[in-house]
Every structure is written in C-alpha cells, then in structure tokens.
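Each chain carries a letter (A, B, C and D) given by its place in the written order, and its residues are counted from 1.
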Amino acid sequence: MGCSICTVISNKPVAEGLYLMSVEAPGICSTALPGQFVHVRTGDVIDPLLRRPLCINRIDSGNGTLDLLYRVVGRGTAALAGKKPRDPLDVLGPLGNGFTVRGNFRNALVIAGGMGIAPMFFLIDELIRTEKYVTLLWGARTAAELFVSSADFAPGGLTLHTATEDGKAGHAGYVTDLLASILEQLSDAGSARAYTCGPVPMLKTVQKIMSGRGIPVEASLEERMACGIGVCAGCSVNTVQGKKLVCKDGPVMNLMEIVYDE
Amino acid sequence: MSDLSLTIGGLVFKNPVITASGTFGYGTEYAPYLDVSRLGGIVTKTITLLPREGNPVPRVAETPAGMLNSIGLANVGVDEFLKRKLPALADLDTRVIVNIAGNTAEEYAAVAAKAGAFGRVDAIEINVSCPNVKQGGLAFGTDPEATYQVVRAVRNETGKVLITKLTPNVTDITEAARAAVEAGSDALSLINTVLGMGIDITTRKPLLARGTGGLSGPAVKPIAIAKVYQAARCVDVPIIGLGGIRQWEDVVEFMLAGASAVQVGTWNFVEPGGAARIVAGLEQYCASRSLARLADLVGTVDIDET
Amino acid sequence: MSDLSLTIGGLVFKNPVITASGTFGYGTEYAPYLDVSRLGGIVTKTITLLPREGNPVPRVAETPAGMLNSIGLANVGVDEFLKRKLPALADLDTRVIVNIAGNTAEEYAAVAAKAGAFGRVDAIEINVSCPNVKQGGLAFGTDPEATYQVVRAVRNETGKVLITKLTPNVTDITEAARAAVEAGSDALSLINTVLGMGIDITTRKPLLARGTGGLSGPAVKPIAIAKVYQAARCVDVPIIGLGGIRQWEDVVEFMLAGASAVQVGTWNFVEPGGAARIVAGLEQYCASRSLARLADLVGTVDIDET
Amino acid sequence: MGCSICTVISNKPVAEGLYLMSVEAPGICSTALPGQFVHVRTGDVIDPLLRRPLCINRIDSGNGTLDLLYRVVGRGTAALAGKKPRDPLDVLGPLGNGFTVRGNFRNALVIAGGMGIAPMFFLIDELIRTEKYVTLLWGARTAAELFVSSADFAPGGLTLHTATEDGKAGHAGYVTDLLASILEQLSDAGSARAYTCGPVPMLKTVQKIMSGRGIPVEASLEERMACGIGVCAGCSVNTVQGKKLVCKDGPVMNLMEIVYDE
C-alpha cells in the first residue's frame, strides 16, 4: 500500500471505447491480490479533481507491470486514454481486499458482466496457478469486447462460456441466463466457489440464482469514491451487518450479505 | 530554522497545517502515507453522542475543481471513539482536535464533556453545521443565536480549547463569528462546505442521493478566503482557515487574509501525504525568505481601503 | 422540429438560452462570433441612472475553474444606453432584457421608467446586488424587505415583464425569492456572483484592487443548481438559472433542477459564440430523444424525498 | 477578427523560460497589424479557465504563420510551453488596435523592456518595409534573452542598442538609461515617432523622459483581461480622457495620455 509515480508502458484500445493500459509498478505488483484495485490520478490537474478507482486487471510479476482494463465513460477515463508510453501515472495501491483464492475447493465459477471482467483475468491466473477448474461466464455488449480467449490463460484450467447482447458471439442475451444450467452441470457443487463482478442488476440476479445453494459467492463491488482508503466514508454499501465501506471492507464482499433496496 | 508555530487559546501548535474533519478519518488512516507527527494537528471526523451510519449513497460526487459530499456525519459515536480510536493517537507528536456535533445544544455538551475528560484531546472543534432538531432542522450555524447557545453549552462543560467551525452558507459571517466568540470560543475555523448540488442528466437523479450536499475543494478557495478575511477583521481570536487548500502557497494566502492556522481537507484524498508536503513547503518558504516567524504574515494583506 | 420555447410573464422566448448581464456587453459586441438572433434572449450590462466608470484595476482575476470580478457596474448610463446602444438591437430576432440597478429604490424605478418606455425592451432584470446606500451599503438583495421595496418601486413604474436577479450570498434564498414575487416580479434569475477573494502571495495584494469580488464560472455551478432547486420549489414563477453554464448538458441540468430558462455568463469570454453552440446542442438533444417540448424537463429531477 | 482552431508549427525555448511558438493562422495573418494581440485558450479544459492575451510577435505572411513570444510565468503559459507541433491551438484575434506605421516621419524609436519586446519584431519589420530608420533600445534581464540581432531583420533599417540587468551585454542597467542620449543624437526629432512596451515602471520613466518633446509615443499596454474584446470591462486604464479599455481602445495607446497613480 503506497502512492507512487509509475510509468505507462503501453495503452491501447482493445475494442471500441475499451482500453488496456500496462503500467510499470513493481512495488504494487509484489503485493497485489486478485480483486484489489488501484486509485489513479488521471493528470497533474485540479479538474478533474478526484482519483479514479480501477481494478487490477492482470499482473506480470516477472516484469513488475500491471494491466488496467477500462472503458472510457467520462473525463477521467478519457484523460487516461490519452496517456502515452513513458508518461508518468500517479497510482495509489494496491487497495482493498481481494478474492479468496486459497482453500479447499476444486471448482471456481467466475461470472463477469461488462466491465465486470476487469478484475477477473488476474483472478483466473491465480486460480489456475493453484490448480482449480475454472469456468468463466463472460457477458459483453458486443463480440469485439470478448477480446481474450481461453488460449490467453495457462493451459488446461479454463472453460469459457460467453454471452453478448448483440448476439454476435455465444449466447444471445445476458450471461446470467447461462448461470442456472451451468450450476446443474457442476460436478461437485459442495466444493465450488463463485466470483462475480458486473452491473448491479446482474449482481442482483446472481444473488437470487445462487441463493440457498451453499456455494460461497464473492462479488467485487463498485461505489463512488473519494479517498479510496476508508477515510471519507463516501463508498458505503448496505450489508446484513449494517453499512460497510466498499474501498476498505471491499471491494470484494460476500454477495449473499449485500442488501439491495427494491 | 524559522519558527512556524502559533498559539490558540494557550495551546501551541508547532506549525499551522492541520488536517480537516471528515477528511482524515480518526487520525491514523493516513499513517502509511505520511508521518502524522509532521502535522501541526489533526481534526477527527465529527463525533456524535450515538453512532451514525450516515446518508444513502451516492454520497460523494465530483464537480468542476471540487467535490460534493453528503456523508451525513457517519461515525462510530463518542464512546467507541474514546475507547478504540483515541488510544491509537497516544504517541503522535501532533495536536488532537476532536470535532463534535449534536441535534441539540445538550447533545453537543454531552459529547464535549466525554471527550474533554481525556488528556490526549487538546481541543474541541464545534461543528455547527448540524441540523438543530429543536428548531426545525435548520443548521445551528445559520442562526447566530443558536450558534451562541451551542458554544455556550459546550463551554460550560469543558475547559479545553474551543474552536467553532462556521458555515459559509450565511448572509453575514461576522454575526456567527461574533456570537461564537462571545459564547467563549477560543478560535474560529472556517469554512465548512458550501451548499451545492448536481444532477446526472442521463438518470435525472441528483449526484448525491440526498439532493443537496456540501461543496469543497479548490473551487471554493476564493469563497473561503473572502470569509476568513471578513471574520478576521471583526473578532480578536485566532482564525483557522480552510477550503480548497492544496499547496503551501494556499496556506500563505490564507494567512495573509487573516488565518493563524489552516486545515487541509479534500486534498488529502487527491494526494495522501499532501499535508506533510505542505509543511515542508512552508519550511522552505520561510528559509528561502529568511522569515523568522511565519506567524508574522497573519493578516498582512495589502489592501487599499478606499 | 422540437419546441424549445418557453413563456415568462406572457413573453415567449424561442429557446431558453439567454446571455447574462455583464458578459455580453450591450448586445452587439459578440456579433462577429455568433448570430445573436440564434439566442433566446440577451441581457445588457447593468444600466444605472448615471454613467459609471467602475472600480480600480485589477478588476478581473482567475481562480480554480472560475473567475473573480469587481467591475463596479461600469456602464454608459441609461440615457446614453437608450440613445446609442439600444437602437443597434432593433433588427435582432431575440428578446432584449435590460438589467438595471441603483443606489436607492427610487433610482431603480427611474431607470426602469426610462427603459420601459422603449418598445425594443422586452423585459427588465433587476440586479439587487447593488449596495443600498440608504441602508449603509449592504446589498439590497441580502435583505428580503429591501428586495421587496426595490421590486415594488420598479413594478409601479413599468408594465414590462420583470425579472429579479437574486444573489446567492444569503442564508436562505427562498426568503428573497418570495419577497420578489410578492412585490410583483414575473420571474427570478439566479445566481449572481458568489462573494470571493484571492491574494497574490508575491505582492501581498488582493487579486482584485477592491479586495473581495464576485466569483463565477464552472466552479460555482453546484452552488447555482442548489439555489435554483431551492427557489423553484418555493415560488410559482419561472426561474432563470445561471452560474457556470458552458455546454448544453449544463442547461438540461439547470432545467431538471427547476429552471425554465438559463443564462450563459463567464463562458462567453472563454468561447465567444459558445451560447449559440449551446442552442444547437439543445436542438440536437431534443431531436435525438424525440422530445417534443424541452420545457417538459423543467423541475423533473428524480429525488427520493425521504 | 475571429476565433479559430489553428495549428502549432513549432514551439521552442529561446532563452530560459522564454518560448517562441509558430502557429499556422493564415486568416489572422492576412489582416493583423503590428501591436495587435491574440487571445489564446491554453487547453481544452475549464482550469485554467480564461484565455491568455499575447502580442503577435511576428508574422510570416507568405506561409500564413504567426509567432508568439512568451515567458512562462504561470499555469497558462506553462501549458502553452507544453504544446507540440501539430497540436491544435484555439486563437481569437487579431484583437485591439495596432501601432501607427504609416505617416510622414523618418525616424522610429522603439523602446522595449523585458517581455515588451514581444510586439516589436512585427512592428520593426513593418517600419523597415515602409522605409523608416529604426532605432531599437532593447533591455533584458540577461544577455541570453537578447536572442535576435539586427541581422534578423531586413538589411539597412535597424540600429540596435541593448541593455541588460546582469550587465553581460550592452549597457549594464535599464534601457531607459540610454533613452535621453539617444534622443539627443536623433537628427530630426520633428520627424520621429516612438513606440514602447514594457513593465509599468519603465513606461512611467519613458513618459517622463519623452514629455514635452513633441514626439508622439505609442505604448502597448497590459492589463488583466477576461474577454479580450471590450465586453467585460475588466481591462480598464486611466487616461486623460477617463477610463478606457486596454483590449478595445488599446493595447496601443498614446503613452502621454496615460494617467498613472502615484
């Protein structure tokens, strides 16, 4: 956990409006866990003022670089998209807590919708490294956004199911449409864990489908943030244990304990 | 070495840089990013009699060169604070100021009495921006009489140095400033956040769930400087200036306007450790100008009063 | 084609984009940069009974995402304005609003009577931010009673549509809003500039010769939105919202908050012709959403009032 | 007079903190007069918010480019210094009125201090083109800032006298120290015009020295500006005829009519 000026290595669009940035940040890489995020200053300016939270998408610990996968949605991400190799980048992190990777389970079910894929590559790398069987359910708006295939991960461990809203690849519709049947096929549900990230409507659906199955479900949550480190109390989320802070008590939390209002 | 120190109500601060309430947690959260003992002081989040979970989200949002918040004074409550948070500050070489609020003057007094019993608490900052439930929910701070009542009630409970934190959302800041001083406040801090609002035109929902909230950050600095200037000219107690500070130059600007010390708020979020860098900047400023006492700057703005 | 029009006191504006007082001269200066007839209306600089040269320089300065000014209502005076400036507006297809001020209610009334005699003048905007010399120089607008007196005096002199321009520098904007409406104002415009100040730490002089001045520009937008939202919920007349507008999205934001029309001020300096581009942006917005009447947006912010 | 997005051709330091930027702006070049200025937006941002006024330093009408000579003093000029060739630049102008170049006079005396040199190259080019004898009195902080010599102008027309505060070139001291003796040498004062630009103390000195000599003196003035086109009334200056606006009634004004307070 620290704040440092890192260096942009590369920064390229991978689909329309979707960018992948590699950043040299050996300090962060050496301690980061899948599911953690970084808080990035998008420029040396006072407008936009606040840092932007971004998941650690993937890590190359050999080279000490981390990847950020982001969609350009506003001024901050637009400024990020303008960064060039060798530009400095002020990165705070790694922040928050990560997914549970260790443990006595064999099957890992990863459910990602839209930008919810961002933290999952790092997670899948670690799951495969610790010899889990990983099933990734990946939903995206367009086929172009499914820019990574199972061949991009270490061999053997990953089964990929996709869904696109435009129907051009995989299932035509939402990724959660696939979830129930995948769960049926799961050989050993007692020894499974699930991981999810995506828009709130998707998380609600996942919560409903997973409920009562006894499979632990960890979700990476999003909320508006100022500090990113548990100081401002901005990023609160309702849980069965009362309000918690996404940046400090999350972003990874037990999905089954999140209380969504109607 | 130049002298950066100042005195408020007999209490010596080694330098004028204090971190602001609600932006520095309970005092230790930023320890990984800066040496808290470099600071002149720290102010805790607002502490209330009972714990508060705060308002619904979203409760922070960004605006041009600023931000809005409506945290709703989320805090652990005074008992938990004194038991679990204050002890962690024991070994810090910095002034500890506990910021308090309540829904009635009696609540303020009760929190002050509890906090005032602890030696580690150097001063109490009274946040009068809390809604006055007895008078229909308008903030105490928008009514000089209510401000007087609250400060008086706290003054009666504790011998600690008292700082009253004024809201800028008033027609005439000098009225509240005078009321607080008459009621026994040893110093004033200003400004708290400026009433503001934003709306997301896509969802048609306000940026903050509650609608309006408090604006802070560089955008409000000119407003804060004006209020500090006005307040400093009408009362004789030290003024702690804040609002939009992000660099040592801003501190000097506030001091010229009449502030004896300052607080750094929103900027902590942008640059964790920034407050310590500001202290270093002030040291260098004094050294490079051979300024023996930084405090000599206070109120020395050169204005042609014609 | 979507309908961008709106009505204030019976007066139809073809679209809600009006240029703000003091930022658009006497109406023709920006003609080389935009087709003034594209605008819903224009507001002149504040006109006073006698010509004014204004305050000493510096009288403008930059601040984070904003600017300060203390022009001091420099203007040619009402007679010269009506004789030499107003005729140039004859052929423009846009509403002409004359902004007026005075040191006494009688002065306001006198200016209004003169300007109100001209057919080309569609409406009068009363700038109550002027110091009330009879009451010790505090601005009329900071006192609801004084606001009432001034508006009443003007109302008695002219049948023109009256807009009262409120200052944000008050504890409760709804008091002034109600007073203006009771006195006969057909609409309200808000906000005028926010009291602010800056100091040059090298020279120790204020950024504005006069010390304090008025803050405007994007930095104040959240303040303006909050005030418009508050005012719109307490009076039944149309609200003209302004403060920090620079793009069509800001106009929609003000409309959601409760404004029927808007004014563009500081942004004219940054982007001459920007006001016309905002009109085009609104047309496109309506077209792309098949919005038949832009005015349907007014006040439709979706707030959970719990 | 217009507002257009131009293109940066080059942008280089010519001395410490002093930059020369060439901008492709054929429209502006075709009508600009020496002494006029442009009002430049330093970025597509809202902070810094306002445009920055800069004199037209020189014009290459063949190529349709204009030069800006500026000192980095704050955020706006720092942003300008960061511009690269091919970057867009939002330029408003040409604005204000220019120096009087035409007329029945033979000798032109140009007195420039510090950044006051900025409008003078364009002026001198025009004076030489219209066959005046030009004497330039140029004061700078350091010798390095005297980055142009008489060889950089059309041959024949220019006599150069310099002064530096560090004494490393020309007269050691202020350029105004030279003025009185130059005036003595002036063969035909009745047929001379003077032009000046520089810091206020210098202008006051020039005003004093020139007073009562019957030589018209035009000064290019500076004041804080918002609009740059006579709308905001921000840039007022006291003259014997009352307040005027530097951007509209100037920036070039009759120095002898300027009223400086004590």
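The rule is short, and it goes like this: a contact is a pair of C-beta atoms (placed from the backbone, for glycine too) under 8 Å apart; a residue touches a chain by one contact, two chains touch by 3 or more.
Because the structure is predicted, anything quoted here is derived from the model rather than measured.
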Chain C reached from chain A - shortest hop count over touching chains: 1
Between chain A and chain B, centroid-to-centroid distance (C-alpha), Å: 37
Computed distance of Cα centres, chain C from chain B, in Å: 34
Distance from chain D to chain B - Cα centre to Cα centre, in angstrom: 47
For chain D, residues that touch 2 or more chains besides their own: 46-47
Per-residue multi-chain contacts in chain C, two or more chains: 64-66, 217-218
Chain contact graph, described as a line, ring, star, complete graph or other shape: complete
Partner chain C, residues of chain A touching it in the complex: 46-47
Contact set on chain B toward chain C in their complex: 56, 63-66, 68, 142, 169-172, 194-199, 201, 203-206, 209, 211-212, 215, 217-223, 225-227, 229-230, 244, 249, 252-253, 256-257, 300-304
Chain D - residues contacting chain C, complex: 1-3, 41, 46-51, 92, 223-237, 242-243
Chain B - residues contacting chain A, complex: 22-25, 29-30, 32-33, 45, 53-54, 57-62, 64-67, 69, 71, 74, 217-218, 246, 266, 268-273
Touching residues on chain B, where the partner in the complex is chain D: 64-65, 218
